[in-house]
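Pasting a structure below so you can have a look.
Letters A, B, C and D mark the chains in the order given here, with residues in each chain numbered from 1 onward.
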Amino acid sequence: MIDKRVRSLAEAVAGIRDGAVVLCGGFGASGQPDHLIHALIEQGAKDLVIVSNNAGAGHTGLAALLDAGRVRKVICSYPRSAGSVVFERLWAAGKVELELVPQGTLSERMRAAGAGLGGFYTPAGAGTKLAEGKEQRVIDGRLYVFEKPLKGDVALIRAERADRWGNLVYRKAARNFNPVMAMAADLTVVEVKETVGLGALDPEAIVTPGIFVDRVVEVGDPL
Amino acid sequence: MKPLSRRQIAWRAAQDVADGSYVNLGIGLPTLVSDFIPPGREIVFHSENGILGVGPAPPKGEEDRDLINATKQPITLLPGGCFFTHSDSFAMIRGGHLDLALLGAFEVSERGDLANWTTEDPEWPPGVGGAMDLAAGAREVRVLMEHTTKEATPRLRRRCTYPLTAAHVVRRVYTNLAVIDVTDEGLLVREIVPGMTLADLQAVTEPTLRLADDWRPLEAPAV
Amino acid sequence: MIDKRVRSLAEAVAGIRDGAVVLCGGFGASGQPDHLIHALIEQGAKDLVIVSNNAGAGHTGLAALLDAGRVRKVICSYPRSAGSVVFERLWAAGKVELELVPQGTLSERMRAAGAGLGGFYTPAGAGTKLAEGKEQRVIDGRLYVFEKPLKGDVALIRAERADRWGNLVYRKAARNFNPVMAMAADLTVVEVKETVGLGALDPEAIVTPGIFVDRVVEVGDPL
Amino acid sequence: MKPLSRRQIAWRAAQDVADGSYVNLGIGLPTLVSDFIPPGREIVFHSENGILGVGPAPPKGEEDRDLINATKQPITLLPGGCFFTHSDSFAMIRGGHLDLALLGAFEVSERGDLANWTTEDPEWPPGVGGAMDLAAGAREVRVLMEHTTKEATPRLRRRCTYPLTAAHVVRRVYTNLAVIDVTDEGLLVREIVPGMTLADLQAVTEPTLRLADDWRPLEAPAV
């Protein structure tokens, strides 16, 4: 019997260790798993490496996690957002490390981890400062930079609906990084608006097959 | 001495498939395994053509050309099952998301090398399908095969005589005569059909066999 | 105004040149664009390179194209199918070239072409005969083989429904290679069972966004 | 001499967007372009967070947190629009499927080099977002920017002073003073605001400008 539903947010984030690489879904606030992030703050893990497109805004979600001093490093494409203040302050003070990755490379590095590939060549960033120290290669007349897989110890993601097998559908553009992160972590934890019965999701419209999911917690609307 | 039938080999392999696991069945003999999963276990079968949740064959007359397994036989979809692209299907395979791949083989070596894609017959084109991806990517690979060829040549070899599908990947082999584990110290016989001695089995096996201390008779019901 | 619908199969395959690399969707008969393939036979292009998972069965679809002597080379994972006869005969007679590619690598090479990547490292096939002559590399302790993008001049695919922007949904496991091929060709031509009004497809369930599609022809059921 | 307003720069760029094209609008100034597409043209706007078919901003009070553009402003979805993952979104971007990317910039060089991701300010974290992917992958890249900084420093440079986003990619630049093409022979002024001479424009531009034989006045309606 497969039942990936857990009963509490505490159970959902149990076992996340200090120093863990945590993939956090969302593009800005949309699709960001704020319930899980706040549960992670409660849970207490520290020295975290956060992989996310942005680095939080205001004082909730990732910004709250940063503000609580739990994050050693952020790997993202765009740390600034409208209303972001915490990351800027910590970064300028040298209190958090930043690895800046082009957005498509960020997504593709996680896909490579999830898909069992050893790395890939992308034209994005080739020849620029962000490619310094990386292997670069001309393939069929064009310059590419070699990028390695980026795997998470944990992925925290948000979806709209899930069944007990962990099949997921998303809401509009809240999909964004969530499906690729689900593939790319040893432990994938999902907060969902609601859970539904097995077979209730259209098999042709499931976006994340349950094979990529470990824990599902029902939380209702976003924070 | 009574060798197992092909269906009995599949039955025996099915007994070892853990509840809740994600399993790919290779073409041919392994596809029979799904018929023999012990009651009460919920297994999610993956088919390389983009299906999770493969169910039993449909009743005669209800076949659907768009519901087929890797062998291109008609199947059904269980509640909770879903469809996805080949890209995602092989991301699952290569990315280590399948708990188990049960594959057919021409030969397996004592080191766990697998040969199942070509006999180098000049009259007969080779076909690799998903075998190399499965062999490289599944968390565990087990093989189902006849112990020898029709010409009584051993299929368990010191070194494979056919080109490899992958090196060092097979962990257990189910044949019509025995269940054999591939260990760092070579082949270890776990089960052997009643009436057959280790010496009898060794006579149809190229590499040296050892008998497990806790070996058992290999018995299967009439299926 | 965007309207990718064309009125005839002849119009759908117009302009395909001799020597073209043609990606053909389908896994066996499921999702194979037989209407388009037969239109291509009528159209007359020759010396084609066909990329498909299989190499046809019986005497329709790809088998008919092969039988008509239009194919110089087949790039596939598994040329044999239940009921395939034409490819075997031509191959044994040296009348068609075969490039055998592991199924996941085949899909991933097309995805790389569609996604603008210069290539990738896969563990599938590393160390085997299929990796001979290719760059191999140990990454984080594991052997990988470098595979390059595989781009089509044309993709012929089959979907279930399309709108005038070329958005596509598929039927069950007929999805298979079709979405990745749609991404990977300069000209993507789709046969569909039916066309629907713009906005009739659920924006969360569209599998192939119209940006990947050039021509849509309504053909009803498969051949 | 009357420089264009920011909205007028966007208006001018919008006039050149071809009917039926797939277009990505970078964050900031370029996002205004969609407001000024001439009637009768059907353009599919792509947003990096996984949307095709971006429509105008919603009426006040009808904003949806899961319907946002790259700048994280509220948008709507047109009929025919759809949602997809970041992986697919950047496959579109890098894979050459977008006809046009309209981007903002800090600087553009006379060779078409683009700098728009960092000013290397130690107090202000850099952000690359999707800029390097768009610059490398879109079929055509055009830039919208003020002709000079607030301190009257030219943004059109012989060589960019800031780290590059990509080399040799910008084909046309729309500023508040001129429309300028990047050609193999350097910068070619196509349009210039009435009352300004080439010498006036040259005075606020670092590289040498040439005036096109068929140059026109740069005029925009009040928008």
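The rule is simple: contacts are C-beta pairs under 8 Å (C-beta built on N, C-alpha and C of every residue); 3 or more make two chains touch, one makes a residue touch a chain.
The structure displayed is predicted, hence computed values, not measured ones.
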Pair exhibiting more inter-chain C-beta contacts, B-C or A-B: B-C
For subunit A paired with subunit D, centre-to-centre distance based on mean C-alpha positions, whole Å: 29
Separation of mean Cα positions, subunit D and subunit B [Å, integer]: 56
Centroid spacing, where centroids are CA-atom means, of subunit A and subunit B in whole angstrom: 35
Contacts with 2+ other chains: residues of subunit C: 108, 111, 115-117, 122-123, 170-172, 175, 203-204, 207
Junction residues of subunit B - those touching two or more other chains: 77, 83-84, 87, 90, 93-94, 136-137
Overall pattern in which the protein chains touch one another (line/ring/star/complete/other): other
Every chain pair meeting the contact rule: A-B, A-C, A-D, B-C, C-D
Contact footprint of subunit D on subunit A as seen in their complex: 27-31, 53, 55, 77-82, 87-88, 91-92, 98, 100-105, 107-108, 111, 122-130, 170-180, 207, 222
Complex interface listing, subunit C residues touching subunit A: 108, 112, 115-123, 137, 139-140, 142, 144, 148, 169-172, 175, 202-205, 207
Contact set on subunit C toward subunit D in their complex: 1-2, 111, 113-117, 163-165, 167, 183, 198-199, 201, 203-204, 206, 209-212
Subunit B residues within the subunit C interface of the complex: 47-51, 64-68, 71-72, 77, 83-87, 89-90, 93-94, 118, 122-133, 135-137, 163-167
Partner subunit C, residues of subunit D touching it in the complex: 19-20, 22, 42, 44, 46, 52-53, 77, 79-84, 87-88, 90-98, 136-137
